[in-house]
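What follows are several structures.
Look for subunit A in each of the two complexes below; its partner is subunit B in the first and subunit C in the second.
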Partner chain A sequence: MAEEAAATIEDYDFSGTTAGASDVFPSEAGQIKKGGYIMIKGRPCKVVNVSTSKTGKHGHAKANFTAVDIFNGKKVEDVVPTTHTTYVPNVNRSEYQLLDIEDGFVSLLQEDGGTRDDLKLPDYPEGFDQEILKAYQDGKSLSLSVLSACGIDQIIAYKEEA
Partner chain B sequence: MQVSVSMGSPDTVAVPPSTHETAKTAVLLPSDLLPAETPTVQGFDWNAAISSPEGVTLHGLLGSYLTTGFQATNLGLAIKEIERMRAWRLNDVPVATDEDEDLIDPGVRAQIKCKIFLAYTSNLISSGLRETLRFLVEHKMVDVVVTTAGGVEEDLIKCLAATRLGDFTMAGAELRKRGINRIGNLLVPNQNYCLFEDWLTPILHAMATEQTADGQRWTPSRLIERLGREIDHPDSICYWAAKHGIPVFCPALTDGSLGDMLYFFSYKQPEFAIDMVADIRRLNDEAVHAKATGMIILGGGLVKHHTCNANLMRNGADFAVFVNTGQEFDGSDSGARPDEAVSWGKVRADARPIKVYGDATLVFPLLVAQTFAKDEVLTARKGMGNGVGTGGNGVGECKRSRIE
Partner chain C sequence: MAPDVAALRKCLLDVSQPIQKRTHAAFVLRTDGESEAVSAIGEALRNKQDSALLRHELAYVLGQIGDRKACPNLIAVLSDENDDSMVRHEAAEALGAIGEVEAVPVLETFVRDSVPEVADTCRLSLDLIRWRHQRGEDASLAQEKGQIGLDKSPYMSVDPAPADRVDVSTAELEARLLDTSLPLFARYRAMFSLRNRNTTEAVAALAQGLKDPSPLFRHEVAYVFGQMQNPASVPALRAVLEDGTEHRMVRHEAAEALGAVGGADCEGVLARFVRDEEVVVRESCEVALGIAEYWGESVAREVVESSAS
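Up next is the complex of A and B:
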């Protein structure tokens, strides 16, 4: 995992998941609602808005999705016929206690008592990594939220523990 | 007692004319004699026709239109204008001083015909007039077609599913609930458009690939040609146009179901592009390089203006027939009479263009019956489905563009 974490997000190709992986599951596009998740151009995204146009002169009923990439915040759009099968990413969020930060990598305490050292400080949003580093260096006790989807893990939030 | 007098010299005693006399002079004002050759208004002689061997025939009836007056006369004049358009040959005009070397020979000049532009609005393709328009294109009786997006897609959709007859009075909200779209008194179910989408989308993907991989530059006319090949159905105008190399121009290709499909397609393939500039070049060049042109324009709006404007490039068409329901009082181009086109140089000042006021579904089949359908080459070779007819504007058959 260490070498994968060092690569950039763009190196990942999500379009071909293997049968055994549960990174994504199929869903009828018409079933995906605002606040849900959807794969757009191979990226896991959170749906910010859906508008549907009923069947008409333009053909089958369509769902027009406005979504935000969950890892880099980019706004993306897609239009899918509501009866088409599209993919929804399996998104998980876990909390870990921060043990150490070294060379930009964090050391996290896992539930089973072991440590996890493969995650880098996040490069999105801008300056977030510095923020975490400073909080840690100020001696605060931090718990980090890690978002997981499609084989990517990324720190997306932190909390100060009392 | 003296009666006061109102007019006349002081010497005469003028008596005011009685009311009777005034009225009589007004009504029975002697008229100028019209020239003897002025045609007489004369309608169809039913008795003569019924008692004749052939009985009442369409051609006999239409023959009477010229002298019947009002729009019947205009129809008769339009028939004459189309006959002139079809009969014109380059050897009708003297050899120009700067004429091309290979256009001097009288034998060659006798082969060169007037280039005919056929323009029609999309509602006419939704209607059964589509069959009449297809007939003209099938037999290469026109050289250039100008239409709107609906004029292309309704023609293709009819090969996938039928348009149905309805009624002008069917309630909109009810139809929407049932998923049926109304065009006047015609009905097109949503399902027809779904079939169109399913048919079109893979073709668009292939076209996008050709654009990226082979550098193919798509224009509306090339796209329509491709769709004509893909539909591969003898009922379709686009099919015959592609087969005979007759370009179909549609600058507002996005204004219809095709546009909807392109909109959705742009989410999948944002780089797919359609070049309008190349098409205006192609259309205007068709007019500029023609030795004579005729326009047959059914309807108004874009199809009318775009066709006339192309002919502006050659200082005006030599022949023109407009059939539409437009009125000029609002200053619209749709309602403008041919004389307004003359003021722009879209029709030549010495031409005899004619406008027939009326619904083309009523008027145009009659026009075709008296002109194109009486084509000697066509009627002589009955049963041949290989598109015999007039066409081309060079020596013999000229090769039209394939997908370049």
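Up next is the complex of A and C:
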């Protein structure tokens, strides 16, 4: 199960994103492809399908996006003219060693040796928090993956340290 | 997701249906583009009792699909000197867009047509076919990908002329556009380059083209404004639509361009002309208002979302 949770994130491309960059950047809707990210109704989403329709004499087209919210997995759809500006979230993924779990909050070891204590166990997917907690209580040494976008940080995977 | 071609065909052929709906059916068939769609559109095109506006749109759609099976129907329309000149013009343009050599003799015949817009369009199509042959089979595809040094088109349309080279300055393009001593094909190339650049200077240059002596040329300018959707073109388009003495083909394109730009101002102007004396103009306003509404939904939502974020 742990492997599975991690595997769904493996195809995410995190290159080209830097800490301190703005939450979103503009892009022509027609440039956003399957597998890319898009903001829909203010939420960062990953595009799972995109189809283009030609509807008028001037050759304008609309892009029909089917996407999933990267933090809660909800399926969302949007239709945008391909020449219009839409927004792409900056998405980052970081790995931390888990030090402790207390009252649903995790304590993580940062690269600089300091600790990070502001993250809660995730609400999504259902039962995932209990799964991490159990693995921790079983005495396993864990590393957590944290996905960051639009000011949200969420634990999205864990794996047992070798 | 695949469109029901049989139902669309039925709608297209039913002249009692509203023009907005039938025009939309034609464009859905264009997107489909399979041979059944081509034959349905060809069948509707041949009904001379039907609206000239719809029929000219059908000829245009056949050119855009680019299926050579449409050629016999288009050739028949172009060859009928009693048919509507707008429909014949569009048939001639479509034959150029398809680019089959079988159309060359008929285009050469009607290059001497008594109606200037038909004759000029035949000349343009012959020049386009010749240009493509000189460049080789892949010329239009390469242009689409921006590989042969021409101004790259962001629009999904097969144009009556290729764009000019990217290294030609906008001022030079403007000079070529307005030089009536040049062949129409060369002036169109400048026009499509200016369209692809879509800057304020390009819009200003093109707007001057609306004063050209040739109605065909003026209608093409109005058409590219519809593609560009640049609000800077609205005053010029509005003046064209409001000028009751202007050629119906030009007023028609201006109306549809205003619909493509959209927004309350454009829709307000269009609403004033939905009862114009000229059938083609009033039907264009009706269709344009439908388009403005169709695109408006997503634009309105985009504005709401961007101001909320």
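Keep this in mind: the second predicted complex is superposed on the first by the 137 of 162 C-alpha atoms of A that agree within 3 Å, B and C clash if a C-alpha of one lies under 4 Å from a C-alpha of the other, contacts with A are read in each partner's own complex, and residues count from 1 in each chain.
Quick note on the criterion: a residue touches a chain if its C-beta (ideal position, glycine included) is under 8 Å from a C-beta of that chain, and two chains touch if they have at least 3 such contacts.
Note that the structure is predicted; figures quoted are calculated from it, not measured.
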| item | value |
| --- | --- |
| Partner chain(s) touched by A:Gly42 [first = subunit B, second = subunit C, both, neither] | second |
| Residues of subunit A touched, compared between subunit B and subunit C (which is higher) | C |
| Touched partner set for A:Ile32, first subunit B, second subunit C, both or neither | neither |
| Contacts of A:Gly56 with subunit B and subunit C, given as first, second, both or neither | both |
| Which superposed partner A:Glu77 touches (first subunit B, second subunit C, both, neither) | first |
| Set intersection of subunit A contacts, subunit C complex versus subunit B complex | 55-60, 62, 79 |
| Residues of subunit C that touch subunit A when the two form their complex | 1, 24, 27-28, 30-31, 57, 60-61, 64, 154-157, 223, 226-227, 229, 256-257, 260, 291, 294-295, 298-299, 302, 305, 308-309 |
| Residues of subunit A touching subunit B in the complex | 55-60, 62, 77-79 |
| Subunit B to subunit A touching residues, read off their complex | 179, 181, 190, 193-194, 196-198, 256-257, 260-261, 263-264, 267 |
| Subunit A residues touching subunit C - in the complex, by the definition given at the top | 24, 39, 41-42, 51, 53-62, 79-81, 83-84, 86-87 |
